[in-house]
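Quick heads-up: structures coming right below.
Two complexes come next, and they have one chain in common, chain A, joined by chain B in the first and chain C in the second.
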Partner chain A sequence: MPAAVAKPRRNGLALVIALIAPIALVNAFGFLAPVLNLARMSFYEVEPTGTMREAFSLATWGKVIADTFYAELIVNSITVSLGITLLTLICSYPIALYLHRSSGTWRTILLVLVISPLLTSAVVRTYGWIAILSENGLVNNLVSGLGLERLRLMFNKTGVVIGLTEILMPYMILALLAGFGRLDPRVEEAASTLGAPPFTIFRRIILPLTMPGIALGCLLCFVLAVSSFITPKLLGGGRVFLLATEIYDQAIVTLNWPLAASLSILVLVIFGAALVLYTRALRAIL
Partner chain B sequence: MQTSTKLTMAIALAAGFYAQGTLAQQQTVTVMAYSGLFQERYTKAVIEPFMKANPGIKVDYFPLPNSAQMLGNLRAQKAAPQADVVIMDVSVSKAATDEKLLIKIDDKVSKNVSDLYPNARIADVDGVAVTFDNLVMLYNSDVVKETPKSWMDLAKPDLKGKVAIPGMPDIQGLSLVLIMDKARGGTDYLKSVDQGIAALGEIAPNVQTWEPKPEVYPVIISGQAAAGAGWNARAQVNADASGGKLKVILPQEGSVFQINTINYVAGGPGKDAGAKFIDYALSPEAQKSFTESMFYAPTNAKAQISDAAIARTAVKSMDKVIPIDWIALAKVREPIMEQWRRKVIPLSR
Partner chain C sequence: MDERPVSPALKLLAFLMFAFLLAPLIVVVPISFSGDSYMMFPPSSWSVKWYPAIFLDGKMTAAFWTSLLLACAVTVLCLVIALPAAFALVRLRPRGAEALSSLFTAPLLLPTIVLGLAILIVFARYGLLATFPGLVAAHLVVTLPYALRVLATALSTLPIAVEEAASTLGASPFTVFRRITLPMMKSGLIGTTALCFLVSFDEVVLSLFMTGPRIQTLPVAMYHHVEQQADPLVAALSVLLVVLTLLVVLVVDRTSGLAKTFVK
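Right, the complex of A and B next:
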């Protein structure tokens, strides 16, 4: 009897391995190997001119730990990205909820509208924001038309937050929709029949049931926000210092590849922490 | 062995001989250099005339947006280089030299080397200078009515929020620090640039962006910013295209040279053809043609350049060009960057 039970299980395991092997192989070559290479490079010796030597040196990591600038960079990156994630969630949640409840052609049209920004590159969309937020842009013309003083909406943190929030919204909406599966209109109707006011239904029924979607969307947006550098470069005006922009500067302008590599590893560590938090949150929800 | 296999092998061998045969007639030189405007002008002014003069050599232009990516390619292809010639910034050339990716260009590679200006041959760098560029002040003549004279005019109150300067770590921001440091009595930029940092601190409140994108020139032409700093060659070409909107001046405090070097890749596929191209690129003829096309100052002292073109380079104002040792400067770039972050950026919030 036990043998008979074990056999299909072993077959199942073989099947699992066979199914996972191709993607594992692709990941090993396409992701793991480069990351390991990056980790190794962070220990290379580097000279001020950018000359790099294969070696085992702790100098770069020592600098990253000792220089408070990099600690500021990490804190700044995490707080800005958390802020963007929260804003994206607030802006996307109602849209996702409405989309979830809509049906038929209307739903298809709305879905296409939500996804369509993804068909345009983030660079083009960021330039769009420059046209909207600049001193002579749409918003400021409106503001000055009302007799108010023009606002500084870009080339600072505000611009980066506005731009990235809009750019990440489609991802958030899609992630929310994917996680809304447990939301059953009959439960809401039942609560309503039992006399619960709309806000209570939202707080006690809708919000808890959509938590998996919220967790997934927040994870996705946080990771994308931490790693984005084009939008902060274009809308930050050189005043917003984030991990991703610093990695770009160190790799492309200053030519300190080991430093760029060690900062990239730090970003990976932040992602790891975010994933751990996500799995814990998911376990608490489900 | 099956007939079909034999046949396949015969075809493969024949194809190999054929390919070698054409290779003997037609050599290929791969030139890795800047994309965009540089590629367009350099192809017309230097590469096409070279190919016309050397029908047996074909030049492939491999464009990249910046020197760092060129170094990245050289590093990645160290075992089997794909490029023969690289045009990149002098400090990146120094790194490539130290990593033994290059062959030294001396008068054995090109006789033109002995005709180059002394500052075109840089100690401990295998490449030699092929173009000189210099930092210039830019302004939009629709907005700024009075011709500025000094870099410090960028600090005037009427330019509040209207200044675009590519800030550090870009060397344009660094160059401005060095120029202003000298102007305010600084003597050795390797020891201290406090005066220069203080001057930039005065300009900082006026700065709209330290990262004008895609470049500083269109940002000023479009009126998004009114004045700023950029490189002469691109500024001159953009000024022509702007229909008089963009104006370029060399302020009284002076300027510094940015040096692009031409480099001979060790073990490149084109072999001697690479040296032939380098020889041509450094010749008075090619230097004249490219200066007249894009207004980089020539590095060959024998190049006879038209007065109209030379007036738009820094050649006639050499007394205003502050000599900078970019290689030595690299060692103090980090502390300067630190000061930039703590003493300039916070004043421009």
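Right, the complex of A and C next:
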């Protein structure tokens, strides 16, 4: 480090505090206090009339743990999110590999195509999926044009899975690309020269080398799938019950804030578990 | 180039997946020119009536102005708040700078649905729900981490020698910052501005918790509209929004290279 950088600054601390104060204030008021309050809120009491009372009660937690509805909700959320993650990986891998191997202007164009959905509102993209999947949508008009029976692609899990898979793809592609740096074309060439067929090269060389990117992308997409609710709400039409949609309903419609708070904390617990699994997986790969 | 040629099978697969990825955005364009009064695809007749209909819809226009004003206010505040913080953390390097910057970017780790609920409960107590200042504060919670991260990266990659030269030649620290540092981090500033504006303008989950019948942002108004009836109005509006987004992206790409902001 150059000596000039490390030189002590005059009245440094006061200046640092003054410069950091605004962001610290927003952080404390808009993040720290609300999150701590949320944890506290899950122990409040809810009277049968629906009014909330400050207390230290385990009633809400007891309900969440004992009621089979919530157990199903959790299992449902996790399995649907895992399915979405797997599908997202399968759909994103070819794009990421192709992007990794292209160069120049073409690569820039493809990258912009990958990023631009990310910059478009989830509402707009979900609306696009309604146009494709609804009763009078693209797929059903094609299907009935072929003389087949119309399919139910919306207001059920199928619609939610298709929509969320597409919505999460850009995240997966960017995560995969970040991990593809280890892919050395010379190793593939060597395998090819030694007579390995393309599929063997993919299975034995490309796939293992890109594992860290895969793990990162899967973690990211799983976490986003568990917590997303715009798409499940609009494509599920209130008939697909997931943790995130239930949190919103309890917070806005039923106004049972302690219940919403304890479900939120459950989401965070699932996040933590996913993170632990990810670090384990990463250690096994590397 | 020592790159491996792309096999036709991979090309085909990638093309199919690109079609899947872009399908919902592409399909919106023909629907916006539909002449039907409800949504079907392909439309049975064509017209441009849905575009003027947006401007006649009082709820949508009000929501648009709210969103635009909100995004501008949030972006300006973000720069004003995050720039000094980034400077302090990167250049002055106080003890615990790493811990502080992870604390300040921590809101991004929390799912917005949990953050939205947490903010709803606290803001309700202070009467900030469904108010403009409440929306600004909620948006700042999620835009500031992006701003801080991009600005800190921009600052830390600047060659420090130029600043040192100016300082040696007798310029005061503030002059060095204003005349040397700020102009040199122009692309970082443009990137931050665009990112904060787009994140705020598109933000829907936090806003859903924070808005009410009194005040609505555009994404929230669109969400409620789609929830009730999926007519081509939203398609026309979506096309306008996609065009707006593309314009912002193009401007940023011309000035600072968007791809670099996302992929190193």
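Quick note on the criterion: the second predicted complex is superposed on the first by the 250 of 286 C-alpha atoms of A that agree within 3 Å, B and C clash if a C-alpha of one lies under 4 Å from a C-alpha of the other, contacts with A are read in each partner's own complex, and residues count from 1 in each chain.
By definition in this document, contacts are C-beta pairs under 8 Å (C-beta built on N, C-alpha and C of every residue); 3 or more make two chains touch, one makes a residue touch a chain.
Treat the numbers as computed from the prediction; the structure is a model and nothing was measured.
If you stack the two complexes on chain A, which partner ends up touching A:124: first (chain B), second (chain C), both, or neither?
The second partner, chain C, only.
Would you sort A:233 into first (chain B), second (chain C), both or neither based on which partner it touches?
both
Which partner does A:141 contact after superposing on A: first (chain B), second (chain C), both, neither?
In the superposition, A:141 touches chain C alone.
Touching A:51 in the superposition: chain B (first), chain C (second), both, neither?
first
Check the contacts made with chain A and report whether chain B or chain C touches more of its residues.
C
Let me test your reading of the model: by the given contact rule, A:251 touches which partner, first (chain B), second (chain C), both or neither?
both
Considering only touches as defined above, state whether A:174 meets chain B (first), chain C (second), both or neither.
second
Starting from the residues of chain A touching chain B, keep only those that also touch chain C in the other complex, and list them.
134, 136, 233-234, 251-252
Would you pull the chain C residues touching chain A in the complex into a rising list?
The touching residues are 1-7, 10-11, 13-14, 16-18, 20-28, 31, 38-42, 80-82, 84-85, 87-89, 92, 94, 100, 103-104, 106-107, 110-115, 117-122, 137-138, 140-141, 144, 148, 160, 164, 198, 202, 204-205, 208-209, 219, 222-223, 226-227, 230, 234-235, 238, 241-242, 245-246, 248-249, 253, 258-259, 262-264.
Which residues of chain A touch chain C in the complex?
2, 4-5, 9, 12-13, 15-16, 18-20, 22-24, 26-27, 29-31, 33-35, 37-38, 41, 91-92, 94-95, 97-99, 101-103, 108, 110-117, 119-132, 134, 136-138, 141, 163, 166, 169-170, 174, 177-178, 185-186, 188-189, 198, 223-224, 226-230, 233-234, 244, 247-248, 251-252, 257, 260-261, 264, 267-268, 271
Spell out the residues on chain A that touch chain B in their complex, using ranges where they run on.
For chain A paired with chain B, touching residues are 47-52, 69, 134-136, 152, 155-156, 233-234, 236-239, 241, 249, 251-255.
Note which residues of chain B are touching chain A in the complex, please.
66, 68-69, 71, 75, 91-92, 94-95, 98-99, 161, 167, 169-170, 208-211, 213, 223-224, 327, 330-331, 333-334, 337-338, 341, 345, 348-349
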